[in-house]
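We just call them A, B and C in the order they show up, numbering each chain from 1.
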Amino acid sequence: MSSTPPEDPQDLSRRGFLQASAAAVGGASALAAALSPLRELDPDDLPSIESFFQKHYREMTAEEREAALERIRESVAKRWEVEAEVSDPSPRDGVEFVYALNVSRCIGCRKCVHACVEENNQSREPELQYIRVLEMPRGTLDVEKSDHHYEREEVPDRGHFYLPVQCHQCADPPCVKVCPVEATWQEPDGITVIDYDWCIGCRYCEAACPYWARRFNYSKPGIDREEVNPDMAYLSNRPRPVGVVEKCTFCLHRTREGRMPACLEACPVGARKFGNVLDPQSEVSWILRTKRVFVLKEDVGTLPRFFYYFDERYPRGGAAPFEEKTGRDAPAGEERR
Amino acid sequence: MRLLLAGLWFALAAWFLLGSSAGREDVLGELARAPKINPLELSTEPLRFPLTDPPHLTLGGVEQRCSDCHDLFSSREPTPTTLLQHRGIVLDHGLNDRCYNCHSNPERTSLVLRDGSEVPFGESTRLCAQCHGTLFRDWERGMHGKTLGSWDPASPDFVRLQCVSCHDPHAPAFESFTPLPGPTPRHPRPQGGRPR
Amino acid sequence: MREYLRFLSRCFRVSFVGDWRYQAWMAGLTTVALVGLNAYAKQLVWGLGATGMTDEVSWGLYIGNFTFLVGMAAAAVMLVIPVYVYKNRELSDLVIFGELLAVAAIFMCLGFVTVDLGRPDRFLHLFQRFNFPLSMLAWDVLALNGYLLLNLHICGYLIYCAYRGRKPSKAFYVPFVFVAIVWAISIHTVTAFLYVGLGGRPFWNSAIIAPRFLASAFAAGPAFLIVCLWILDRLTNYEVPRAAITTLRRIVTVALLINLFLLACEVFVEFYTGSSHGVSARYLFFGLHGHSAMVPWIWTAIALNATALLILMTPVGRHEFGLNAACLMMIVGIWIEKGMGLIVPAFIPTPLGDIVEYTPTTNEILVCLGIWSAGLLLFTVLVRVTIPVLAGRLTADRSPAPRHPSPRRLAAGEEPESRLQPRARMSRT
């Protein structure tokens, strides 16, 4: 051994050894105690062997997918005692989904926001929503001037218009580009989806999205039993685990079966339009051909599939000159009678 | 020195086990709870249920058709100032202030177009189209109005709601709505809303 | 192989030996590291809700520290280039400390990235479906781990050669040194591209970020080394050559000057244009709609950096105290500017114009402190082991204390000479 004692301690006496052992045991117990919060882990939340080794969605065989769906059914039954119908609908050939929203009609009632939460099994505690309705002052499209937290007795407010924003299902999605593990991708029908069992939770996609459409589960999503929507699909509204990103999928469990998205059905004024842009007779095709259409933040170049349009007439509730005579605010007809 | 260290480690271990709380509330704090929403608010039913064609109503347990009364009492006045019946109706439809602009005078089970031809209640949209041409065009193509059931025009489930499924023909403007609650911030904001 | 294991085990044992200051320093770091581990265990159980991050501000202190530390790692190149490219002799003894700092900094970087993950249990997915070359994060994973391996190899090889009393073969490390030079620039460039490539975040979407990152890294990294070397010099018998410190001071001064210049360029563009894209910068420097949590921080950072520059450019900077004070100021200043100041404002306001501010939670801060402590612990141990080995006091040879020359000096054909005394000890960093 080296002759310079400080560099190479070999002089351990019995007492020194005991003391060193005490320090080592103390250190080990401090380490173990530091990890003690892990006791709180719910065994049900820990990944089973099968789910730990579950493949990426796009690499699974048909049987493996079915097994994955069955695991979801079991976990839903175990957590909420709800019998869920978990499906995995495929994109249809010749279908590319597009959303159009009539800003002349939207009144900012937020029914879409909450219908979406109920349909898509979003967390209630903490609250998580895919749709954000912006109250915009007239004369601008600068979202920085918007108010997300408006509270009014009645909507629409005369001085504002309303701009609901959700995932725009971009044709050139930056969120997909940045994901380091390919946990999110664009489907042939244009919907960008997430494999919640593959996401590692780095939130790079959340930073990349110019529309602030992605949400992260900062804690385990809390949903009560009676709030669970049992109509589920693997890529859309099945329950999400903690630590993964989620977002609007145009309700693909509904729309791939031909149904309408939940936000559209809840809209009381028919401002929301949805359909197949490859079908020239679809409502959205007509809108794109004939209406005055714009997309939000066109300059970021992500080619959204979510379009805003407006009617040629003055929007209702607006300060149009003839509104004063014949609008609902001044029922002049009564006086003439 | 080593004993001092051992003591330090044991003290640290004790603090981890006893002193530092690791429960859900302790770590996460209070979570923003989503408000409960009345299911009626999120109903996907049409706002209105238009009259059947031909329209009927039940009076005293007996099903009546419009003509049952109107054949007996025919009103001659084009713009009645006082109504004895139908008093719940508020007429607030632009310049339309005459019942017979839309309702056929001789045949009350029908509506009437400008040219005098009668239209059954089930085709009321044709009546609306007389004045609201551009909106009718939009509606025909699904650019105005609401479609339920399916997004695919070829699907049997595809249902395009009629004008009167949403608009009251006597007062077609929508009522104002009370907005549902806005987002609950995870961390309480210093101010309630955005100062403007 | 057996000899190598014996080397490792001796290194391990040596790392426990030192005077009371060393022991106290190590015990303190271990304590904080364990507290951080405890905090991370809580976060693991309950999720990232344990942090102050939200959907609005989805990256915070973790990624801020990560960004700063990538710079610290890249800064080793500021010692490597003078020594290997310009054959600077004063720094040749010290370059290994730069490389060891790089190892420790990358270790901390990986730590900060790991604690920022929502599902660290799924990190294997990186090996199964790796979105390369599309994702900048994938590039960063490769760049950081590659840089770690390069530096581990270079340091490990040189130290082990010294331990065995062999002259290091240039073929085994000089090519790697040159690769590492390019790699060091690339880790920080890739890290900048991570942010710069996001079109939806105008605050980041600026081509000047990568040069800014490098400039600030080349200021903060050598500044950190100056302070470390000064502490070594004061508290141990290890003597740091004056000339080396002078060279480092010049490097730091120029880098800080460039950094402040680039910052000024950025500020000019953001404010003179008056475009709505400058709104995050307005939030950062002046506050927005009554929200101004970041304002005191960024002005503190600017004041610290400007003061540091002033000290360095006047004769005060030649004094030991002035130099170290300036270095500490710029480390803190750049940490704020690049960590919090660059990451957080990009999220405020959100792409939809909502303003939600970010305040880290105690748990989050403890995790950060824990990682810093673990990293400093690693750095201390590395330095603690390296000094006696390079001084030839810890060798494979069992015969008494042969004075082996420093391998780099051997390689550079210099006279063997050691400044390390038998009782030399690392103390604080």
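Quick notes on this one:
The rule is short, and it goes like this: contacts are C-beta pairs under 8 Å (C-beta built on N, C-alpha and C of every residue); 3 or more make two chains touch, one makes a residue touch a chain.
Since the structure is predicted, the reported quantities are computational estimates derived from the model, not experimental observations.
Compared on C-beta pairs in contact, A-B and B-C come out with A-B as the pair having more. Put simply, the chain nearest the middle, going by average C-alpha positions, is A.
Computed from the mean C-alpha positions, the centre of subunit A lies at a distance of 36 Å from the centre of subunit C.
Subunit A and subunit B have centres, each the mean of its CA atoms, that are 25 Å apart.
The mean-CA centres of subunit B and subunit C are about 59 angstrom from one another, to the nearest whole unit. Chain contacts: subunit C has residues 34-35, 38, 41-42, 45-47, 49, 54-55, 354 touching two or more partner chains.
Counting only residues that touch two or more partner chains, subunit B has 5, 8, 12, 16, 22, 24, 28, 31, 186, 194, 196. Those residues of subunit A in touch with two or more other chains are numbered 27, 30, 33-34, 36-37, 40, 126, 128, 132, 148-149, 218-219. Interface residues of subunit B facing subunit C in the complex, by the touch rule stated above, are 1, 5, 8, 12, 16, 20, 22, 24, 27-29, 31, 185-187, 189-191, 194-196. Interface residues of subunit A facing subunit B in the complex, by the touch rule stated above, are 16, 19-20, 22-23, 25-27, 29-30, 32-34, 36-37, 39-40, 102, 107-111, 113-115, 117-118, 123-129, 132-133, 147-156, 218-219, 222, 255, 258-260, 265-270, 273-276, 279, 281-283, 286-287, 290-291, 309, 311-313, 316, 326-328, 331, 333-334, 336-337.
Residue ranges on subunit A touching subunit C, taken from their complex, read 1-4, 6-9, 27, 30-31, 33-38, 40-41, 47, 52, 55-56, 59, 126, 128, 132, 134, 142-146, 148-149, 165, 174, 177-183, 198-204, 206-212, 214-220, 241-245, 297, 300-302. The touching residues of subunit C, counted against subunit B in their complex, run 20, 23, 27, 31, 34-35, 38, 41-43, 45-47, 49-50, 52, 54-55, 289-291, 354-357, 359, 361, 363. Put simply, subunit C touches subunit A in their complex at residues 10, 13-14, 16-17, 30, 34-35, 37-38, 41-42, 44-49, 51, 53-56, 58-59, 113, 116-123, 125-126, 128-131, 134-138, 141, 194-195, 197-201, 276, 279, 346-347, 349-354, 388, 393-395, 398, 400-401, 422-423, 425.
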